[in-house]
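One structure below.
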Amino acid sequence: MTHAVFDALNPPPVADVHLDLESYDADADLMVLNLGPQHPSTHGVFRVKLVLDGEVIVKAVPYPGYLHRGVEKLLEKLTYAQQTPIVDKNDYLSPMINEQVLNMAFEAGLGIEVPRRARWLRTILAELQRLASHLVAIGTFVMDVGGSIGGGASMFMYTFRDRELILDLFEDLTGGRFHYNTHQVGGNRHDVPVGWDVSIRAACDQIERSLDEWDVMTVKNGVFRDRTIGVGVLSRDLALQLGASGPIMRASGIDLDLRRDAPYHLYDELDVQVATGTGGDCFTRYRLRAVECRESIRLIRILLEDVPEGPLCSLKPSKGPTAVKIKDGQWYVAVEGPRGEIGTYLIAGGNKGMSPYRLKIRPPSLHALATVPYLLPGHTLSDAVAILGSLDPIMGEVDR
Amino acid sequence: MTPELQAAVGQLLGREDVAAFGMVVPAELHFALAKLLKDNGYVFYVTVVASHWPAQPAAKGAPETAEHFEVATVLRNLPQLQDNRTGSQTFSWRVDLAAGQDIDSLVPLFAGADWQEREQYDLVGVRFAGHPDLRRLMMDEDWPGHPLRRDYAIETPHAPWR
Amino acid sequence: MTLEELLANAWVRGLVASVLVLTGILVVAAWATWVERRVAGRLQNRIGPNRVGWFGLLQPIADALKLLRKEVLVPDRADRGLFLLAPGLLLFFAMAAIAVVPWGPGLVAADLDIGLLWVLAMSGMMLVPTWIAGWSSNNKYSLVAGMRAAAQGISYEVPLLLSALVPVMLAGSFNLSDIAEAQARDGWYAIWPPGIGLAAFVIYFTTSLAEANRIPFDIPEAESELVAGVSTEYTGIAFGLFQMTEYIHTWLSSAVATLLFLGGWHGPFLGDSWWAGLIWMVLKTSVLFVSIMLLRWSLVRLRADQLMRFCWVWLVPISLGLVAATAIWIQVAQGGR
């Protein structure tokens, strides 16, 4: 099977998501293959039912939900101060950004300002987290494209080595490597440790060097290009309709980045350069993430030049978990996470104002996975895995 | 939101006070409003949130309310698609539904509404009329009840904080 | 009966030689896993196994013991007989192929006149147990892997044989020992005839990677899409046999490539004794072997259809051309020897 070279503006025909298999070629010998939920390349417990004609996918029916933990129900029962550590586990590769968007919704509900130092810290944490998350995305994608038992895992090891540097930074700040609980309503909890900026600069330098190295391994590698260029083309229109935000959308040529277009934190003072591509394929998505890593490093360096002084939290130290009360109202707050627009829709007023009445998290990964039934048909099984990897879904966030 | 769009939305809904967030819209105008917004640049489907409001007996200061649902939809515009302006706003509105009442599905307009509406149907139990494939998304096919309803296992033996 | 008389008997000699070669190759295969893991460790900024014994040298024994002690599970719906036959058959063909490979002057278990054909035939036959394993596991991933292995193996057989014909034509023999000896006279076939030999060597090396299912041609084992390919359902020592065969096959490919293109056991400094031949042979084979490993840990996998296209569009025509060019070279440069 050959792939004509499509891109986001000249997309392949849209796959028939609700294809009736009865009407498919009667001579074809179709095979149903369950990819997942226990499959090495589904990034957790995602299940796709693939209908294969030979090795070419005819229809893909995804079944998310294997990691559904009822987070939204749990959030309805916990008080506002207790919620931050819960959402850490949603998108477990970018907990900082989860915490931020949740607390920003509460701050919108209370109508309080966050001190400048806390906003500075949040910006730098968001960028570091984006960097860490993209490193994992790059590494796991290359692993999905191929390798023997751990063969392509060389790249995976390299990216994880550099991600360790960022986790070390977070550990210096919060004491936790994965689940931080460092944001609170009105500001941040942990102040910057001494010498943190030096470690950040060192980590950024190291990652920048590594990114050059990885470009040689992947972007300039003929086999890698063969495997990714023109594979899994998501058209511009479909990306919009499906709400597939973040790098996936920007790889399909849509110039939307909430850091620039709906600024929060300190982003209105930074000149965020938004990279876009028109390929819409796995290669462009991969490339775009690498470019965004460089942009994050640039922003971090700018941020480190001017460290604002002042308080870290606008509220007094909390006396207990019930200190924050929001009586009534609805808010939608969104930030640009590493996987796209991550939002919180807060309906306040549950539990006498101590808990949300309903809190919906907009998970970018769910919208990214919604492209799967459109992207997979027409590709082979090998490409299916590569496409899934390029979408970089986090099942903890998809299923919540 | 441009003044022209504000006027168009006001004309559609028959009201003056058009706000980009939190307007309550009649269920029968839900689809028409989404279509109008999509035609006017709000092309990015953000999210849909359904919430359940069980029947409340009359309390002091508040009248008795029947069981109902609220469905909030959020769309986002992309001015950069038309010209090179940057910036992006959301538009969100709410539909109040009586128990058992359906709401029009937005899948014909936004393919991304497919999974979102399935999720809300699954967890809250709001039915979306015209949805091509309204199955549960998160829970098992034969799961009893809708977990995010307020009366679903909300009583716990301990207070929400310990 | 003295030892000399005993060894003069062809049967006894054959038996002793086979036992030596087969034991040797099993040892090599076992420690090849250790080498591979250490090489991979260096490549990936980690250490690799270093706990069992000195520098982890006893790790293969620990692994083998672990695999031996594990239960060999047969899936409920699998074809029990074929399922258990496949790994043994696979090892058998690998061993049969390695029997004709000379490791030094006279150091060969079976010095066949059609040695090269035998090697290619046996490594070609290894497709059959691979496919049997894929089919009899009654697992869709294994089935897809088995079909891929069959398609890939049959396709890559063609350029493999064609590129191996180049040294055969130059040496005028299918006997691996004769080909190695001929290179003492003509120089390495990878260098001389200029261009042709190198191209044939590169094609032979590439296709033998595909035959041994090594990256970037390991689509039958494609762990990111097919879990573990044909060995998905295998456990314990049955799985161990698959792994071992892969190493033996890789070692075999390296050895045959050495014999065909890199002068076999001939090398400077050490003289012409059998042990010098053995040292040079193992050294050259190891260099190829480690370079295969380095390739494995730094490349991504091709897709099945790209693999086929690469074979039929590039490798087959080029190797056909090389055969023709070799014939012309023999006529023109060597006066039709």
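A, B and C label the chains in the order they appear, each numbered from 1.
Assume contacts are C-beta pairs under 8 Å (C-beta built on N, C-alpha and C of every residue); 3 or more make two chains touch, one makes a residue touch a chain.
The structure presented is a predicted model; accordingly, all values stated were derived computationally and were not measured.
Q: Taking every chain's C-alpha mean, which one sits closest to the mean of all protein C-alpha atoms?
A: A
Q: Centre-to-centre on C-alpha atoms, which chain is most distant from chain C?
A: So the chain farthest away from chain C turns out to be B.
Q: Measure off the straight-line distance from the CA centroid of chain B to the CA centroid of chain C, and report it in whole Å.
A: About 63 Å separates the centre of chain B from that of chain C.
Q: Quick one: report the Å distance separating chain A from chain C, using the average Cα coordinate of each chain.
A: That pair's centroid distance is 43 Å.
Q: With centres defined as the mean C-alpha position, give me the chain A-chain B separation in Å.
A: 24
Q: Which of the residues in chain B come into contact with chain A in the complex?
A: By the definition above, chain B touches chain A via 21-22, 43-47, 49, 51-52, 70, 72, 74, 76, 78, 80-81, 86-90, 92, 94, 110-112, 114-116, 119, 123, 132-133, 136-139, 147-148, 152, 154, 156, 160-161.
Q: Considering the complex alone, what residue numbers of chain C touch chain A?
A: Touch residues, chain C against chain A: 40, 43-46, 140-141, 144, 148, 214-216, 218-219, 221-228, 296-306.
Q: Could you pull out which chain A residues touch chain C in their complex?
A: Residue list for chain A touching chain C: 1-2, 31, 33, 39-41, 55, 142-154, 157-158, 161, 217, 221, 223-224, 226-227, 380-385.
Q: In the complex of these two chains, what residues of chain A are touching chain B?
A: Chain A reaches chain B through residues 18, 64-65, 68, 70, 72-73, 76-79, 82, 238, 240-245, 254-256, 258, 260-262, 320-322, 330, 332, 334, 341, 343, 345, 347, 351, 354-355, 357-358, 360, 362, 366-367, 369-370, 374, 399-400.
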